[in-house]
Amino acid sequence: MDFLLSPVTLFFILGVVAALLGSTLTIPEAVGKGISLYLMAAIGLKGGVEVSAAGFSTDLASAVVAGLLLGFLLPFPTYFVLRRLGGLDPVNAAAVAAHYGSVSVVTYVTGVEILTASGMPPAGYMVAVLALMEAPAIVAGLMLARSGGTDLGIERRELVREALLNGAVVLLAGGFVIGLLVGKQGFSAVEPLFQDAFRGILCLFLLDMGLLAARRLREGRALTIRLACFAMLFALVNGIVGVLVGTVIGLGAGSAAALGILAGSASYIAVPAAMRLALPAANPGIYLSMSLAVTFPFNIIVGIPLFAHLALSLAKLT
Amino acid sequence: MDFLLSPVTLFFILGVVAALLGSTLTIPEAVGKGISLYLMAAIGLKGGVEVSAAGFSTDLASAVVAGLLLGFLLPFPTYFVLRRLGGLDPVNAAAVAAHYGSVSVVTYVTGVEILTASGMPPAGYMVAVLALMEAPAIVAGLMLARSGGTDLGIERRELVREALLNGAVVLLAGGFVIGLLVGKQGFSAVEPLFQDAFRGILCLFLLDMGLLAARRLREGRALTIRLACFAMLFALVNGIVGVLVGTVIGLGAGSAAALGILAGSASYIAVPAAMRLALPAANPGIYLSMSLAVTFPFNIIVGIPLFAHLALSLAKLT
Amino acid sequence: MDFLLSPVTLFFILGVVAALLGSTLTIPEAVGKGISLYLMAAIGLKGGVEVSAAGFSTDLASAVVAGLLLGFLLPFPTYFVLRRLGGLDPVNAAAVAAHYGSVSVVTYVTGVEILTASGMPPAGYMVAVLALMEAPAIVAGLMLARSGGTDLGIERRELVREALLNGAVVLLAGGFVIGLLVGKQGFSAVEPLFQDAFRGILCLFLLDMGLLAARRLREGRALTIRLACFAMLFALVNGIVGVLVGTVIGLGAGSAAALGILAGSASYIAVPAAMRLALPAANPGIYLSMSLAVTFPFNIIVGIPLFAHLALSLAKLT
Amino acid sequence: MTNTITRQRIEVLVDSPLVQRILDAAESAGVTGYTMLPTLGGLGQSGHWADDQVSGAASKVLFITVTNEKKAAALIDALTPLLESHSFVLFRSNVEVVRGDRF
Amino acid sequence: MTNTITRQRIEVLVDSPLVQRILDAAESAGVTGYTMLPTLGGLGQSGHWADDQVSGAASKVLFITVTNEKKAAALIDALTPLLESHSFVLFRSNVEVVRGDRF
Amino acid sequence: MTNTITRQRIEVLVDSPLVQRILDAAESAGVTGYTMLPTLGGLGQSGHWADDQVSGAASKVLFITVTNEKKAAALIDALTPLLESHSFVLFRSNVEVVRGDRF
């Protein structure tokens, strides 16, 4: 359990505890946004540099295909469960389902830290999978909403922009391409900021996320206990599915764990904005609380080590 | 006098000069707040790591007790002087007194830089003293105000939150605990941000503080010359008392100087917010101007080197 | 052309592409301003440290005189062209002319990166030239406006403050003086932030500038094709004049190229604010679009390598 | 004394991702000027919100326009269907302006 | 044309650390919706202030609520004692709203 | 019930670098209190603007003062010549205040 003793996890716990105790500590919004942009650029860059060193491979291609399929397909069972057992109406169920098909960049980043510290770093190309998994779930969610009878409040042009050109995707994919182009040597000039300072900055961001998650939990009247349980269940089941798929398609233990982390995580950056636009009748109190206040902390504390453990055990089996 | 030639001090002077000349230079508020959160997390972490290496000691315990007592007791003579000689009414005198019992994180941080550069670094546990000294003065100030006949505009629950759970205390204490837990080895992963970049970021923060202090001095109509003199006197006397107490209880020269710096400094983060809540009738123009526009620069330029010198001389005597 | 493969340039291109595609990616304003302040402090500091190592020289004096003269004189032909061929009224022509006499800090910084990577770093004193070139063009522009019959909406005191005490000048000049005072040794304490992290932070800033420039280009209804062509022409001609002057007065190839970059660049920080104050009738849509949306990207992609090449060729000739 | 003319001020509180909806409605109503202010947070039927989201999806913007009676009515008519479905909040009040022909 | 109903708009300028005071008063007056805007600075009897404090203690927030006459009066009554002691500033004006039953 | 008195609210939208112009006019008109709010962007005759400039030259501030009829008229008179040349926008409306002698 010594991952709990990494500064990254401890700062997250500090944020949660501070908010639960009612501290007035807050990170200015602009600073939080700035840090999250930095993290996305850095993770994109580093992934690209690694791929430029390792070269393209069939693993890369199968990971990308698996990620796209998972992102598109996972919302369907999620929607089904939320409708039948979660008591949500079609619009809210579709909006939540889209969140669980998509991914959380910070969960991924934290996972990479922990996997790397445990000697099982995922491959660099998983960053490309991360960037590509942002979008398909949005499409799936909107298909579900439309099948449920909802008029979409968005035009196709706008939707493409939100799904493919939101800040997270642009920075991840753009950073990845830049990393590919400049390689290890070009990267060395920016290494002090994008590599050396990375873990410290991640600490500060997780402090902020801990504050936000716990505050939302305190205030989230829209979040029922039943929905909170589903928020954990989805993380668990989707994550395990991700690890299994990763192992079956032959990824290494680190990359399979990373695919599990991606599948098990829920978006709280790109998808909420897209849902606000396309499904304005869905209640942000539900989807933001589930993804940010329950699934995110659950993955940081329980999900990541679990998926890592599972991937390792499966790798030993095969 | 070569401490005046450290970049940290020079950036502070640059800020003061720019503001006095009427420059429009301003650091965005969110950035200033972000930097101050970083500084508090970093100083807490580093203190914790040092204590985890050095172990707990009786020195630590006596420093903590001395700090708590100083924080609680110093407001009383301060209040008395302000009432009798400063011409302040009870509410304002109590509010100002609370500021002088409490501490300034940035003064402490700057002091540590200068003490370390002079070869007399304070012990890591002084960070714990710093965190603990934020609160008692608030209690003392409110006792004084109530004895002066003021109804407090605050409930006990709110007061505890402001005194013990404000951002500064949470970050200092939380960082300290994290540092204790992860130790030197865990710290190494975040060292580039929290150690290597520290001094540079402190330069930018002192630039901002210089701008704020000098602007407040220019605009501070509530600040009379008499009050400005008292703001320096309190820094001087409280600081000397702190150094003496530190020496008497057997702290090393660096830690005794640090206790002096803490005693001589006045809060401008945690206490103003608490006073605005509990003593809304007190004029922020008075207490913010005294602590931020007079005592803070006085300590940076005069107080810190003086207390360092005094602590060193006393250490040689004994 | 491998300067196009530096991360710095690639992040700029990423910003431009993202904005042209309609991405919603934005860097919070406070973060962008914070980074630009950091860049100015860092470049000032580093210049001062270099001069403190190299000592004062006649080159320094002639570069300063050349810079001041260029800054003051270049607005006159610019104004003339804009009046006769650009179709601008006197107020707008004068405002634009002031921008082209003044300088762009970020263009300079990017230029230094590229020159240094190409083995022709400019001398440290060029930072002093940069700081001094902010102001004279403002004076020239206002003289032109007054000669064109415009009442200035500003008092002399305010004008001096805007021209000599704006944030850019204060940080560049203040950082320079601090660098001079502390020298290489004093600088080492802040090197991780101001030197090592510099290039990475510059990447993020250029990403922001790319977004801003391309968005302004998209929205800039005030920007005619004719004005856009002039915005490139001025960059080209002024830049070449700068390189020639630099070579003639005997600067090394790197410094001559840097003088060209300064002469060819147009301000979008200090001068717009001064013009808004002194010539409120001038349309910001014109001068901001020309300098930020056309001249800035033109210089990053075309101007800098061209002036570098020219300076190198001229240096080989002599 | 300077002459002033009465115009109508329409204020709409709108989620950041949906601002374009308002701008489109304003354009279709013939409104030619507006200003947007940032907000910090609030309370309504859908609960508390505060602009502390990393996502920006929960932040809101206050759209303000001053315009003549006809355009104001057209704008309100264009927005009314969105009020309920998008949980916008809309206020109208009277203001006096100088240079009334601009508004 | 969409029907509108007249309601009262109460605005209170309040120090950030004291916002909870207003929210409590609003709740006790039965107010069910409000919005808060950030501010930059100002001038009053206690002098200039500007939101440039590291402390945040000197910053202020503009609280806005639109409500019916009865609740508005109750809110003003609840706040009046605080106006002097806490140096709040309060304005009341009329606005028209769509969906008047909400306010 | 608390007594309120009618006063005038003047709002001016002004470019950040030109704020001092308004403050000077306010002082000359005898205005003793005001508050300034930040803005995000807008549209007017001179096109779109948004506060995303590194320069700050394109950002605007909303100046608000509540004052009596005489001072309001004096302020408007002082500002009218600037409205056109500096492209300021000015609104006047009525508000009611408690403690009317302060405004």
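The first chain written gets the first letter, and so on, giving A, B, C, D, E and F; residue counts start at 1 in each chain.
Here, a residue touches a chain if its C-beta (ideal position, glycine included) is under 8 Å from a C-beta of that chain, and two chains touch if they have at least 3 such contacts.
Given the structure is predicted, the values throughout are model-derived calculations rather than measurements.
Averaging Cα atoms per chain gives one point for each, and the point farthest from that of chain E is the centre of C. Centroid distances from chain F, each centroid being the mean of CA atoms, peak for A. In the Cα superposition of chain B onto chain C, the rotation angle, rounded to steps of 5, is 120 degrees.
Comparing the residue numbers each copy contributes, chain A and chain B share less than half of them at their mutual interface. Rounded to whole angstrom units, the spacing between the C-alpha centres of chain E and chain F is 19. Chain geometry summary: the mean Cα position of chain A and that of chain D are 34 Å apart. If you average the Cα atoms of chain B and of chain D, the two centres end up 45 Å apart.
Listed for chain E are residues 37-38, 93, each touching two or more other chains. For chain A, the set of residues that touch two or more other chains comprises 26, 28-31, 33-34, 162, 192, 196-197, 273. Chain pairs that touch one another, listed by label: A-B, A-C, A-D, B-C, B-E, C-F, D-E, D-F, E-F. Residues of chain E touching chain F in their complex: 13, 37-45, 60, 62, 73, 76-77, 80, 83-84, 89-93.
Chain F contributes residues 15, 17-18, 20-21, 46-49, 51-58, 85-87 to its touches with chain C in the complex.
Interface residues of chain F facing chain E in the complex, by the touch rule stated above, are 1-2, 4, 9, 32-38, 61, 66, 93-99, 102.
Per the touch definition, chain B reaches chain C in the complex via residues 5-7, 10-11, 14, 17-18, 21-31, 34, 192, 196-197, 199-201, 203-204, 207.
Against chain C, in their complex, chain A makes its touches with residues 28-31, 33-34, 37-38, 41, 45, 161-162, 165-167, 170-171, 174-175, 177-178, 181-182, 186-187, 189-194, 196-197, 273.
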